[in-house]
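Two complexes follow with chain A in common, the first pairing it with chain B and the second with chain C.
Right, the complex of A and B next:
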């Protein structure tokens, strides 16, 4: 009985999400992308994405190559599909790292207050003051471009928003009765933070994760354009879009089109899903507007 | 009020120190030793040391940090590794007419103004017809618009309007006060196109927040028309977040747009940053990071103080 009521927020939210048909469609699209990426990772889909054949470079879409071929004669559809894997990997690890840092620092600042709070607020105000693109560029330049440094650079620079929200929630929660009750039975600070307060603010973390995921995917494209993204040769939407700079004038549009289309559908699905997710997990917000 | 402003100004010093520390740690500590790379494979230790001296990266870290502070105070960021020019001169230009900042600002200020006017009008319109077909369809269009990478907007519009139809020049700039707009027209159109969607969504949310307030109900109960309520009451109250947004955006407008400027080879600050990133030109990136952060800090302060002036509730905090 007690167990059931503990899960009720999540059950409740899921029921609400299920009622929203559009958001379920979006969820299925996102899951389809994840399956596509996993399939690419395991070599089930498009295993020959790196096969080059200069004889067939820049071929227009045909029965054999649905989305045509690129300058090295690689199949554009396979490249774009593997670009999904890159995008989702960066989204997952980059945003994941940001969420871990933001949640941890935010809860410490909000819970302990005083000097800890001052220090952490100082840190994130500083990070926030430096323009994001310059900070990420600096990180990537210093660490050298690769998929992992991209994740680290994004993770180390995008945790501020989440940290701020989590801190505000912890300040609200730390004086509540249930936390006092926990401390009166001798719960340690760590226990109060992680097993008592954190579950109560976790829905906010989830929403922020989902929002961050979208901006990370968009950042990856721009950083790849700047040459700060993945290593050369790794399939990426950003690289494909960037190549179109030279290709469009020669009438080669399929590389740009397929990368844009794949990215558009994923980001749109995420944007629509995020709205529904926010409404489902944070109904108070919905009633306000 | 004054007390609040003074406290906010004093708080800028620790943040300034933070910015200095972060940029220093990034470029001088984590960035490795650039002298070894620049000297090449067969350089002697003495040669490397000479280059280090030149770059200001010799000696222990605290000495380097001291050098960096000196650079900031004297506003002399050394020389670019790529072009060997003085960084300060690269950023501020030889004269005002040809300065990179003026190029960036000529592009971003008009573009931002057009975006603002369009987005506020559309936002008001959507709030007026909220829940209707028009509102819903424009919302979908906006959500679609923000789901496309900004790179695609630039690529496509530059290719189609500039290259294919030949309506606009596709790169470069003229320093003539009139001819210049010839070159800036397409970048401005692209800037507006790629920022309109998110701005419309933003203003719609702001106006919707206001529409459900009690004072709106009171105004309606008094018998005022919908139009009067929208323009006299809602728009005026929504001006607070709008002013904040505008002031916060100014530093970003001054430092230009990295992507558009690089695609159009515009010699603005965005283009400067793009080249610096491409060449791993640390002194330029370091200086631009520092200057942008300081600009942002100032305008943040300005917006906070403006906010306190406009909204008396803030002073109590």
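Right, the complex of A and C next:
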């Protein structure tokens, strides 16, 4: 039977994903987070996250404030929810930038080889020798802390892993028959790279993207914890955890609890989903499930 | 004119903590006779010329000594000779000071000297060191101590700038008349001179050492003091050890009325008592606190979040007292303030706007939030415990009144903040500093002013202020000497950036009063002038006086002779570690 063209790798993968119940639960959790973040962005959820009230600073969880209040008397649950927006924004843009850079450089290096390859390998090897956190903090210090700096800093420093993988895939693919066929009918380099090879390695980019997403969310938290993250006043899990190291001394645990709980669930869901996604997209595992 | 002992508000009282550190392992049961203290910020240089912030100045003053110092125990502060033999002889017109040096004072051993042995200190060393301080090439922030006050100094500095003079060119007002005599000639009476000669800026360095190390001199301090630099790991710790050749110096034999008898039990004994001092750089409050609780640090200023767990009704809680901990409370000559840059085209030109900002800030709430209600809401820039403080003074703009502030905003031409750009609030990046900034931002939003918070590293932060590039920022000033002039100079027109007047406030009447007051000795007449200046500052508000912080210190049971005054920085030589108690108490922590 001839397969329909839609019944491609992607369709197959999705079918396999659907069979894995845990991964679907994770997917729903991720979607719920995205809805939460979008709702916060549009002002539908927790519009009063910046409302301060000095009379009720550090109030313990109550019916009115489920997760208590912070030092400015702001509702911790609202802050944590808005932290989701910050995390997902950084995750999306930071990883997005890294994916663009990594894929582009990786494909050029793998496809052209020789000097181009050597140049790009030299570049990512050099960047890779610098401890990642140091590099990101240097960026944050130079550009000044803000959400966008953070995205740029993370994007510019986390593309190396992806670049390596894409390069390896391109080296493998560039000599394959379909590429040679394309070249024999006169396809340009750009055409061969982007319309022929890239779609065949794109599942790897996708996996790397979702893996990068998780580590970017963690980076945002770590950098904010170090005081290099988002602009002060922006709700962020990292800032909440950072403040907690002092607040715990006075028995204020709710800031830490809500931020870590939200982060824990999101990161766990992402990781489990990633595993399932990788299995689903891996052609070698195709016949095993 | 005060030296710069600026401490950012954020770092809370917490930073100035003294503590003890034992590098030993407990299983060996070896305890060192050492004191270690923890700072919240890094020390930039150990050189009297750069003793501009509290940390640099305090570490330096263990290694370097000055002509005069403050009596360890007496309050209010009393000046006494240190390297000088006696108090200066002052001519009848008050313009010539003659100071005799103590004999037999030697520099610490260093390879810069012949055969590595420290040579004897002479009057010439002071003249050389003061020229180094005044040398425009060194860009010291301490030039104000002599510049404009001592004859020939401004002239010499001008010539140095043009390359027409060098260190051999004499300065008329700073002369060594013989090996042991220094003569200082003043242009006009300068009643703070005696205090200035007790500041680390004026401590002597040997020329041989400066010549040997060149630019590296900031890392190679060699003074005459009781401690020698042994090890310096940047951003981590500074280790000083006892100077084996330190002269015979003894613990004071007189005490303040309020001190317990035990403060004199070491009277007349040779100091220093400890073998080693360790200054740890620990940025975070909780890390300091935990280290203290473990006994690695044993004198600590209580971090803001630990008050509830350590103090109840102004007494130390029992479970800490059972561990042998002691509480020391000090009213300090300290001022935290929010400065506004008068060079800013909007902030600087609009008095009503500054008044509105002041009125909209709830200092009481800040005191509760950040200082556990322990401190005094500052009404003016003159803090308690120093000459010129008036507890009855009320600043009309220090009452938290949003309605009045809103009215002033209308009068200023920015009803509800309309037409105002976003202002930048510069701060350091510690979480407390950022929280304070967030509080300010929140307070300003009540009257429609938008604030953007910009965190910086400490050097970045001070640099911004020196370059007059900051717009609004929070900082603190700790007195260098017990005279209100030290705070009033923060607004003197000739001290603008990179000087201590970071607000760049210039007001002809204020400057006139300031110059008049400089010529007067302590007394009612001078206090009146001080109060007039205070009133101008309270009306113009180039800086918002915030809080006079109080010092809350905890010490472990084995620390003896501990008494603190923020102006006395060479206090470690008097502190004793009771080794028996340490052996008993420390393992139980």
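In this text, the second predicted complex is superposed on the first by the 277 of 289 C-alpha atoms of A that agree within 3 Å, B and C clash if a C-alpha of one lies under 4 Å from a C-alpha of the other, contacts with A are read in each partner's own complex, and residues count from 1 in each chain.
In this text, a residue touches a chain if its C-beta (ideal position, glycine included) is under 8 Å from a C-beta of that chain, and two chains touch if they have at least 3 such contacts.
Predicted model, so just to flag it, every value in this text is computed and none were measured.
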Fit or clash between chain C and chain B when superposed on chain A: clash
Chain B versus chain C as contact partner of A:221, first or second or both or neither: first
Partner chain in contact with A:242 - chain B first, chain C second, else both or neither: both
Touched partner set for A:72, first chain B, second chain C, both or neither: second
Which superposed partner A:200 touches (first chain B, second chain C, both, neither): neither
Touched partner set for A:54, first chain B, second chain C, both or neither: second
Touched partner set for A:231, first chain B, second chain C, both or neither: second
Partner chain in contact with A:138 - chain B first, chain C second, else both or neither: first
Which superposed partner A:250 touches (first chain B, second chain C, both, neither): second
Chain A residues touched by each partner, larger count belonging to chain B or chain C: B
Region of chain C that runs into chain B when the structures are aligned on their shared chain, from 5-13, 23-31 or 329-337: 23-31
Shared chain A contacts, counted only where both chain B and chain C touch the same residue: 141, 227-228, 242, 245, 248-249
Touch list for chain A against partner chain B, complex: 122-123, 125-127, 129-131, 133-135, 137-139, 141-143, 218, 221-222, 225-228, 237-238, 241-242, 244-245, 248-249, 256, 260, 263-264, 267-268, 271-272, 288-289
In the complex, chain A residues that touch chain C: 52, 54, 57, 71-72, 141, 144-145, 227-228, 231-233, 239, 242-243, 245-251
Interfacial residue positions of chain B with respect to chain A in the complex: 14-15, 18-19, 21-23, 26-27, 30-32, 143-144, 146-152, 155-156, 159, 163, 205, 208-209, 212, 252, 255, 258-259, 263, 273-274, 277-278, 280, 282, 285, 288-289, 292-293, 296-297, 300
In the complex with chain A, residue positions of chain C that touch it: 284-286, 289, 303-306, 308-309, 362, 365, 369, 427, 429-432, 434-435, 437-439, 441-442, 452-455, 457
